[in-house]
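To keep things simple, chains are lettered A, B and C as they appear, and every chain counts its residues starting from 1.
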Amino acid sequence: MRLSASLATLALWFTTLGPAGALEGAREIFPAPGPEAGRLVIHAATDLDAMRPLIEDFQQMAPGVTIEFVEYVTNDLFRQAQEACTGAVESGDILLSSSVDQLVRLANDGCAQPHRSTETLTVPSWANWRNEIFGFTFEPVVFVYDRRSVPPEDVPRSHEALADLLRRKPDAYRGRIGTYDIEASGVGYLLAFHDSRQAPTTYGRLIESLSRSDTVTRCCNSEVLGETAAGNVRIAYNVLGSYAYAAARANPALAIVVPQDYALVLSRGAMIPNNAPRPQIGKEFLNYLLSPRGRRVARERAFFFDEGEPLPEGVDGPESLMESGIGRPIRIGPALLAAQDAIQRSHFIADWKRLIPRR
Amino acid sequence: MSGKGSLFSRLMWRMSIVLAISAAGLITAAWFYARAAADEAYDRLLLGSAFQMTESLTVRDGELQFELPASAFELLGLAESDRIFYRVIAPGGKTLTGYTDLDTGADIDASRKQPRFADGSYKGEDIRTVTIARALSLPQGVGWANVIVAQTVESRRALASELTVRATVLVAVMSLLALGGAALAVRYSLAPVARLGEALSRREPQDLTPLDVSVPAELSPFVSSINHFITRLSERMQLMQRYIADSAHQIRTPLTALNAQVSLIDEDQLPPEGRRHLERVRRRAAELARFTNQLLNHAMVIHRFDSVHLTPVALNDVARKAFRAAIPITVDPDLVVSFEASEEALYVTGDELSLREAIVNIIDNALRHGASARLDVKVWRDGDFGVVEVSDDGAGIPEAEWSNVLKRFHSSQSDGAASGLGFAIAAEVAGALKGGLRFRTKSETAPFAIQIALPLSSAPIEKGDAS
Amino acid sequence: MRIFLAEDTHDVGEAICRRFQQAGHTVDWETDGAVAGDILSFTDYDLVILDVMLPGLDGFTLLKAIRQRGNGVPVLVLTARSEIDDRVSALDLGADDYLVKPFDFRELEARARVLMRRRAGGEATNVIVCGDVTLDMTNRSVRVGRREVQLKRREMALLEILASRPGRVFTKEELLERLFGFDEAGGPNAVELYVGRLRKKLEGASARIVTLRGIGYQLVADVG
């Protein structure tokens, strides 16, 4: 009786998800290169393409591990993790998400388990909360523009400049600006929220300009970049540098600008869920991500940016992001809870949606 | 000074207990204080963020607005490792935002006067909460909105335990220093006791002079008691000696008179029967005289050891004097009597008169009961002992009797006459001087002998010419 | 000989007086110490016998007074206390001998005789050696090797005579005369008796008394 009741609840859950679609996104199995000795389930709000080199390199080290990679959009990952936290559904062994505020919320609600190792000690304090959430990447938030359609004088090198550009040439860019749908994308919300905090005035003007420009919103980075590559969008606002760089490498028409007034820096978060079935393997993978080897692979083949390294070639931006004070890391900590406040979030999104309806 | 039951260890033991108890008390107090201090410090953060949150409650267009200030969480984020829970409650009790199941358990309205802090638990974690209230003017009237902010207590605990550990280390160090200081102080304070004990143990048992040790006031009753006791003992002993001396005089005088009178009886005028009686009277009188002497000497010898300082005594001299004193001029002329001193000078620690008396008694006994034709007194060295040997050509004392003759008033069966106290005196003197009385059985080559063996001591440093 | 006796116990004093008078001596007897002191200060005696406990003046004080005047008269102290209980030793104060009461009267007489003879005789104070026999006239002691042998007065005298001229033959009559003098009686057997005793006491010595039958005796030291 109970089982059928909970199954019914679960079924109800799925049906009420509505337009967000299925909880689970793409799933890919990386069979163990050697005889299988363990299994690692990664629940990630991260493009598989970015993660693939890391996963494969990890399997070089641990050939007995079969890795199951399940991709979600950030909000879906969050919901799934909340469910898993109560034990209603099976948890992954490690969660990876760019929407670190959601991870912080999960950790705050007791859904994470702490992990300490020599690798975790190397994590800067702004990217570590309670030894439960670790930022394992360094990803500036950038503008991407289409060289083919954006003349050099129009290239915006600051948020202010972008707002100005849209005011000066409203017609040229109407319907040609792309960004996240912050309702669908957790990381989009996080970035927008931080923009509003970082420079409230600029942000207000920028939102207003974006609103007037009939900005195109998409669920995720890849889609925004896809629209840009396709020429439908000329300037993409608030794109994660790593994806942008990958796209720019694939398509030379795309150019990357790191804003010079300030640039948010996101550190993708990793977390071992409290109900992880195989936390030990999850922790091993986490150690790998934080290890020099993992970081090198990430820098070279996955996320391209690194806190200690200069910007990758071809990226338009300041010499040194952090020392110049332009880089503003999003601190992984309790302050992110404010972003996760229900009323806050709903008001913010409502305000945003009012100005930038989905298009 | 140390050792079980010593004054020092008792004091130290007690002081350690007191120190340990007070240290435990201090540490407990420090723990409470540290908790209070940590609570106070972190409560301010909690209260500050709660205030920021209430400030963000505004009424706009008749509607309650709330915008969660990130700074409130940044403030709480100063407690780096702590989780944060909050709940904003609109007038009327509806939860506006936050963790709807966060509850302090107390009456929320009590926070209207002042912020209410409380300890509780949430999601299985210990938390500290603050509840504050804010009056809002709404179209439907004034209402109270509440904000509950909660924080896990890891940082508080960490701070409190760090403070406690520091305090504990401090208290431990102080306690050890105090204990060390106390040990020194106690040792210093007890030094007069040790000095007194040393002065007492250094004294000769015969020393009956009052103690002359400077002691603190607390000890002076003991010293004066001891001195009082010593004085009384000394007086007693003097009294006793005088008594014995007087008794000796009192007894000896009539005995002498008796002898004198007996000696005046003209035997020639007596019938043979009367002569025999006279001879018996004479013998009995002599026996009585000898016995009395022994008795009094015995008493004196015993008392001498209570009051006389032992000094190095030249054994040859003492033995020679005893030899001369013990052999009367009227000794049987047919008896060969000789004395042989040791080649080297031998010294023993003793009292010359007592020792002489002891030797005299042995010679006297040999003269009276043993020797028939020969009596030899010889001083010689036997290892670490000086030996005065009295040998005679008599039958000797059978081995079975040896232990008996040392007893007082033992009556020798072979002789019939009482041997009296002679051997007892000798044995007691030898014993008091840490030596002993030995017998040597008669053999083909050696005659029967009685020996006084005494441990040798070094020669006296001063007065090499005396005695 | 003239003897002074200070003794307050009548029974004792009487006996001493009688015994010495029987031996032909003159005895002045006094019972009070102070009076005794007076008498001693102006009268010479051959022997003083002092009881320690005396009324008036005690024996020790008397003795001290006698010696302080430089009087060398032999003093024999009688004491009811043994040396052990007397704080002051009689000998230390200048007594020549002492006897502890109660004493044997023969012993008293013997000691008194020794003292009086010593005063009268003024014996030689030299040491005679013959073989390993040593005769010390000062101490009146005889050693055979390392052994001190107690000799009686006459034995001592006999040895002294014989040892004075070792090897010389002394006739029995000569010895008799020198040993006993004219006032004492001694049969010819007496010489043999003393020679016998002396021989026994010198047993083991390297000097021996040789009897020359019909002639006399000589002391001979063994050679080697």
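Note that contacts are C-beta pairs under 8 Å (C-beta built on N, C-alpha and C of every residue); 3 or more make two chains touch, one makes a residue touch a chain.
Every value quoted in this text rests on a predicted model; they were computed, and no experiment measured them.
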- line: So the chain most remote from chain A by C-alpha centre is C
Message: Looking only at C-beta pair counts, which chain-chain interface has the most contacts?
response: B-C
Message: Can you identify the chain nearest the overall CA centroid, using each chain's own CA centroid?
response: B
- line: Distance between the CA centroids of chain B and chain C (whole Å) is 61
- prompt: Quick one: chain A and chain C, Cα centre-to-centre, how many Å?
  reply: 140
- request: For chain A and chain B, let me know how many angstrom lie between their CA-based centres, rounded off.
  value: 82
Query: Okay, in this complex, where on chain B does chain A touch?
result: 66-74, 76-77, 80-85, 88, 96-98, 123-125
Message: Taking the touch rule as given, give the residues of chain A at its contact with chain B in the complex, in rising order.
response: 107-110, 125, 129-130, 197, 331, 333-339, 341-344, 347
Complex contact set, residues of chain B against chain C: 241, 244-245, 248-249, 252-253, 255-261, 263-264, 285-286, 289, 292-293, 296-297, 300-301, 304, 320, 327-331, 333-334, 336-341, 343, 353-354, 357, 373, 376
- prompt: Which bits of chain C are touching chain B when the two form their complex?
  reply: 9-12, 14-16, 18-19, 53, 80-85, 100-107, 110-111, 114, 144, 146-150, 152, 155, 197, 200-201, 203
